[in-house]
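Right after this note come the structures.
Heads up, the next two complexes both have chain A, just with different partners, chain B and then chain C.
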Partner chain A sequence: MAKRMTSRLAPYLFVAPAILMVLVFLYLPILVSLALSFSDWNFIRPDARFVGLENYRAVLGDTNFHAALRNTGIYTLILAPLQVVIPLLLARLLVRLGKSRLANFYKSALFLPTIIAFSIAGATWLWLFNPLTGLFNIVLEAAGFAPQRWLEDPKLAIWSVSATVFWKTFGLNMLLFLAAFTAIPPELTEAARIDGARPARILWRIEVPLISPTLFFVIVTTVLGVMDDLLGAVDVMTGGGPIDATTNLLFYLWEKGLRFFQFGHAGATTMIIAALIGFITWAQFKLLERKVHYG
Partner chain B sequence: MARQRRFSGLAIHIVLALATGLTLFPMLWMLTTAFTPNEQVLSRAIRFWPEEPTLDNFRTAFARHPVGLWLWNALVVSVLVTAGKLAISVPAAFAFARMEFRGRDTLFWIIVATLTFPSIIGIVPTFIAVVKLGWYDTLTGVIVPSIPFIGFYVFYLRQSFRALPADMFEAARLDKAGMFKQMWRIALPNVKPALAAVTVLSFLGAWNIYFWSLLILESPERKTITIGIKVFSDVEASNQQWGPLMAVALLGILPVVALFFAAQRTMLEAFAPGAGGKG
Partner chain C sequence: MLNTPLSRRQMMLSGAAAVAASSLSFPRIARASSDTEIVISSTWGQDKPFQKVVDAFNEMKLGVTAVNRFDGNYEEATARAVTSIAAGRAPDLMVTGWKFGYFARRTLNARDLREIDEARANAILANFQPSVLPLVTIDGALIGLPWAMSTPVTWINRDMWRAAGLDADIPMDITHDWLLAQCAKLDEALKAQGHPTYRSALDLSSNEWTSQAYIQNAGGHILSPTGELALDSAEAAAGMRAFAEPVRRGLWRPVDGQAQLNAFTSQALAVTTTSSAYAPLMNAQDFDIVARKFPRLDAARRMNSGGNFLAVYTNNDEKAQAALTFMEFAASREGQEIWSSVGYMNTSVHDFAEIPSPEAAQAQFADGLTAETIWPGARGLEAQTVWRQYVGRILEDQMSVEDALRAAQADIAPLIA
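Up next, the complex of A and B:
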C-alpha cells in the first residue's frame, strides 16, 4: 500500500524542484512587477502607496525613455535583418562544401565570437574604435581617409555598437540555418538544377520555403533578442552616450529605475517593455506564421 | 558546365575565407595587443604579432585590479549555476519523458513557456527579494536567480530521454528498481551527448551573465570577469592601458574558448533541426 502511494507520488517529486523554481522566480515576479508598477515603493520609504498610473505617466513622459525606445527601434531595424540574412547566406555556402575539414574550420571560426561575453566583445571593439591609437583609424589614415570618431559621433556611434553586436551574435543563427539546410533532401532541388535554374532562384523559390519553420523561429527570437544583446556592449563601449545616442530600453531600466532603487518606476518600465515585446511577437505570429510550411 | 562548377566552388571559398578572416581578426588583434608592451601598443604601428612578446600587460592588470578574483568568481558562478540547472532539469525531463501522471503536459508547458518570457520581466521583484534575503553583493545572489531559466534544457533533455527504447528499462522494472535508480543507472549513461551539450551551453551562458551581475555585485573583489572588465575599461582606457585591457579580455574568453574547442562537436551538433533554442 505504502509502496503504491510512493510510486504515484514519484513523478511529482521528480518535477517539483523545477516547477517550484520556475513558479517562484519566473511566474510570481510578473505579478509582483505589475503590483509594484502601481506603487511608489522603494527602500528609503518602505510603506508603499498606491499611486495609480503615476509611474506609467512618468516613464512615458520621460525624454530619456523616448530616446531609449527610438534607439531600440533603430537597433532592431539595423541588426535584425543583418542577423537573419547574412547567417542564412553563410549557412547556404557552408552546406555547399559538405563535410570537409575546411568547412569545419570555417564553421568553428565563424561561430567563435558567439561564445564570448558581450562586455568582452565590447572592450575589444572599444580598442579597435579608439580615435587616436585604434586600428580602424590607423588604417583609414594610412589609406588617405579622415579618421572617424566611431563612438563619440552621435550619428556614427549606433552603427559602431551595432557592428560589435552583430559580430558577437550572427553565429547562432548561422548554426540553426545550417542544421535546416542540411536536412533538405538533395533530390528536392536536383530537378530545378538540371533545368538550369540559377542558384539564387533555387534558394528563394525552393530552399527558403523548405526551411521556413527555422526561418520563422530565427526571425522571432532574433527580434526578441536584440534588446538583450545590447546592454553589455553598450555599457562598456559608450555608457549609452553620447547624449543618449546609443541608449536602449534595458539600459534605461537600469539607469533610471534599478540603480536608484525606484522600484515603482522600474516596475512600470518593465511592464511597458513586456507589453511591447508581447505585441511585436504576436504581430510576427499573425503576419508570418501563415507563410510557414511545416513538414 | 564542369568549369562553371569549379569556378563557383572557388567563389564560395573566397567568400567564406573572407568572412572567416573578418570574424577572427578582432580576436587576433586582442591576442597581439595583450602580448605587446604597452608603449608599442600606443605607437600606431601595425604589427600582427609582437616583436618581443611580453607578459607585462598581465602583470599590470593583476597589480591594478583583482582580475584573479574576477575569474575565480565567474568560475564559481558558472559551475554552480550549471550544477543547479542540471539538478532540477534532469529529473523533471526524465519524468516528463518516461512517466505517466496527471497534469504532466500542463506542467511541462508551464516550464517550456518560460522560453518566451522577456528576460527582464522578473528582474525588479527578484532584485528586491535578493536584497531582502541578504544576498546583495554575494555570488549566491547571482547564482540562485540564474538557475530557473531551464525551459530549453528541459525541452531538449526530454527529447533525448524519449528517444531511448522502452525495453532498455524492462530488466530494471522486473528487478523492481525505483524510478530514481532507472534514471541514474540506465537513462543517464545513455544520454551522455545531450548532457554534455546542456552542460556546455549552461556553462557558457553563466560565464557570460552580465545584467544580473551588474545589479547584484557591488564590491570590486566580488565581481565576475564580465562586469570586472567594465570597471577595468572605465578606469584604464582613459589611462591608455590598452595592452592590460586586452590581457584581461583574453583571460576572460580563454575558459569558454577552451571549453568550446574541447566540446566542439557536441556544441555544434547540439542544435538539431527543430530543437533550436537560445540557451
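Up next, the complex of A and C:
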C-alpha cells in the first residue's frame, strides 16, 4: 500500500522543486506586480494604499512612457528584421565554407560579441562613438565628412544604439540558423542543384521551408528579445537620452522602479508590457505558425 | 581510504556533524571581537580615499569596526538601501547624494543626528563651516555629515590657450562674455593651425547642475527660497539663453559627461565647466590645466554646490552611537586630512597645507554656495530627469527657451507637489 502510494507520489515529488521555483520566481512576482500596480506603496511604509487605476492613468499619460513606447516600436522595426535576415544569410555562407579552419574562425569571430558583457562592449562602443575623440569621427573627418554626435544627436542616437545592439546579439541567431542548415539532408539541395536550381532559389524554396521551425522560433524570440537586449546598451551608453531619444519600455520600467522608486507606476508598467508582449506573441503565432513546416 | 565507499548512514552522520561543527564555530569567531560593527554603504571602492578614512578609523581601535561596502553610484546605493530597509536591514550609514535629501529624510528615514545624541552631534558639526549646515538640514532635522562638497568651475587647457596666442595669465574671476570671446578666438586660431588634437572650444556640461548655475547667476531660481518652482521667470530665461549661446555660436557641441571628460583629458576640448571634484583627475594630466571660477553673468555670481553627505539610517541605538564615533573621526582634523585627497572642497574648519581642490572652488565656497536642487515631493526624483530633458531640448534648439521653461514649469509642478 505504502509502496504504491510512494510510486504514485514520486513523479510529483520529482517535479515539485521545479514547480516551486516557477511559482516563487515567476508567478509570485507577477502577482506582486499586479497588486503593486493598484497601490501606492514604497516597500518601506508599513501600509499600502489602494489607488485603483490611478497608476495606470499616470503611466499612460506620461510623455516619457509615450516616448518609450514609440522608441520600442522603432527599435523593433530596425532590429528585428536585421537580427533575422543577416544571421540567416551569414549562417548560409558559413555552411558553404564547410568544416574548414576558415569556417571555424568566422564562427568564433562572429559569435564572440554575443558573449561579451554589455558593460565592456558598451565602454568600447562609447569610445568609438565619442564625438570629439572617437574613431568613427576621426575616420569621417579624414575622409572629408563632417563629424557626427553619434550618441548625442537625438536623431542619430537611436541608430547608433541599434547598431551596437545588433553587433552584440546577432551571433546567437546565426548559431541557431547554422544548426538548422547543417541538419538539412544534403541530397535534397544536391538534387535541386542537379535539376538546375540557382542558389537563391534553393535557399528560398528548399532550405528556408526546411528550417521554418527554427526561423519561426528565431522571429518570435527576436521580436520579444529586442527590449531585453536594449536595456543593457541603453543603460551603459545613453541613459535613455539625449532627451528621451533612446529610452524604451524596459528602461522606462527600470527607471520608474529602481531610480525613481515609484513602485506602483513600475507595477502598472509591468502589466502593460506583459499585455503587449502577450498580444505580440499571440499575433505572431496567428500570422506565422501556419507557414511553419514541422516535417 | 579514498576508495572506501560511504554508506548512506555514514553520509548522513558526517553531514550532520559538519553542520553542527560549523554552527558551533561561527559564534566563537563573532565573539572574538567585542567591537560594534557598522556597515557603511558607499559609492567608493577599496582603492578610494574613503577606504583610507575607514582603515585609519579602524586602526584607532575605538571599539567600533567600520566596514566600507561599495554599493555603486548614488542611484544604485539608494536602490539597495530601499530594499535593505524594506527587509529590515538598513545600512548603518550611507553616502547619500545631496539631491536625495528629501528622499533620505522622508522615505528612508535618515536619522536626525541630534536625536541620537545632541551633544555629540553638535561637537561633530562644530568641525564644519556653519555655512554648510543648512545643506544637511532637511525638514528641521540635521541628517548628515557635510563633508563631500563640490561646485562647478571652469577647467582650462592652458597649453591650447597659449597655442592660440591668447594671454595665459587668466584672471580668476571670468565672465560669460569674456569666456565666449576667448573661445571664439581660440577656435579660429587652432582650426586655422590644424591643431592635431583640438576638436571643440567649450563644453558647459549639458545637465541640470550647470544650467542651475546659469539661472542663479542671472538672478533666478529653479526652486525659490520658499520652495516654489520658479522656472517661468525672466531671470531663468536670461540664464538659459546665456547657457545655450555657445551652442548657437558653434563653440559647444553638447556631449554626455563621460565623453566630455574624455575629450578634455585627451586635449580635444579646450575649456570645460564641470565639477571641482575632478581635481585629482585634472592634476594627473601631463598638460597645463588651470581652474578658474565659473563664468559670471552681469549679476553677482551665485553658485551652487553638489556632492554627498554621510547619513545614519540604523535604528539600533548601539550602532547609531557607533556611527557617531565614526563621524567624530571623519570630522576630526586627522580624518579630514586623509579625506581631502578625494578632491572635494574643504568644508571643515581645519586648515591643510595642500589639498587637490582648486583655488577657484574654495573661492566660490568662500563667496557662499547654494545647494544643488533638492527636488521635494514623492516624485521629486523624476522632476530632475524632466528638467534635464528640457535643458537638452533647449540646447538642441527643439524648443525656444521661453517655451521650454513654460513647459518644464507645467510638467514639473505636479511632480514636486
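Going forward, the second predicted complex is superposed on the first by the 273 of 295 C-alpha atoms of A that agree within 3 Å, B and C clash if a C-alpha of one lies under 4 Å from a C-alpha of the other, contacts with A are read in each partner's own complex, and residues count from 1 in each chain.
Assume a contact is a pair of C-beta atoms (placed from the backbone, for glycine too) under 8 Å apart; a residue touches a chain by one contact, two chains touch by 3 or more.
All values reported here derive from a predicted model rather than from experimental measurement.
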Original post:
Between chain B and chain C, positioned on chain A by superposition, is the outcome a clash or a fit?
Top reply: clash
Original post:
With the two structures laid over each other on chain A, which partner does A:N130 touch: chain B (first), chain C (second), both, or neither?
Top reply: both
**OP:** Could you tell me if A:L151 is touching chain B, chain C, both of them or neither one (first, second, both, neither)?
**Re:** second
Original post:
A:I272 contacts which: chain B (first), chain C (second), both, neither?
Top reply: neither
Original post:
When the two structures are overlaid on chain A, which partner does A:I44 contact: first (chain B), second (chain C), both, or neither?
Top reply: second
**OP:** Considering only the touch criterion stated at the top, classify A:S33 as touching first (chain B), second (chain C), both, or neither.
**Re:** first
Original post:
Should A:L258 be classified as contacting the first partner (chain B), the second (chain C), both, or neither?
Top reply: both
**OP:** Please name the chain, chain B or chain C, that touches the greater number of residues in chain A.
**Re:** B
**OP:** Answer with first, second, both or neither: which of chain B and chain C does A:A10 touch in the superposed model?
**Re:** first
Original post:
Regarding the shared-chain residue A:V223, is it in contact with chain B (first), chain C (second), both, or neither?
Top reply: neither
Original post:
Now for A:T281: first (chain B), second (chain C), both, or neither, which partner does it touch?
Top reply: first
Original post:
Both chain B and chain C contact which residues of chain A?
Top reply: 43, 126-127, 130, 133, 258
Subject >> Residues of chain B that touch chain A when the two form their complex >> reply: 8-9, 12-13, 15-17, 19-20, 23-24, 26-27, 29-30, 33, 41-42, 44, 46, 87-89, 91-92, 94-96, 99-101, 104, 107, 110-111, 114, 116-128, 131, 145, 147-150, 154, 178-180, 183, 204, 207-208, 210-211, 214-215, 225-227, 229-230, 232-233, 237, 240, 242, 245-246, 248-249, 252-253, 256-257, 260-261, 264, 268, 271-274, 276, 278
Original post:
Which positions of chain C touch chain A when the two form their complex?
Top reply: 75, 78-79, 82-83, 85-86, 103, 107-109, 199-200, 206, 253-256, 258-259, 262-263, 266, 268-269, 379, 381-382, 385-386, 388-389, 392-393, 396, 398, 411
Original post:
So in the complex, which bits of chain A are touching chain C?
Top reply: 42-44, 63-64, 126-127, 130-133, 147, 149, 151-152, 154, 238-239, 241-244, 255, 258-262
Original post:
Can you list the chain A residues touching chain B in their complex?
Top reply: 7-8, 10-12, 14-15, 17-19, 21-30, 32-33, 36, 43, 90, 93-94, 96-97, 102, 105-113, 115-121, 123-128, 130, 133, 135, 138-139, 142, 167, 172, 175-176, 179-180, 182-183, 199, 213-214, 217-218, 221, 224-225, 227-228, 231-232, 235-236, 250, 253-254, 257-258, 263, 266-267, 270, 273-274, 277-278, 281
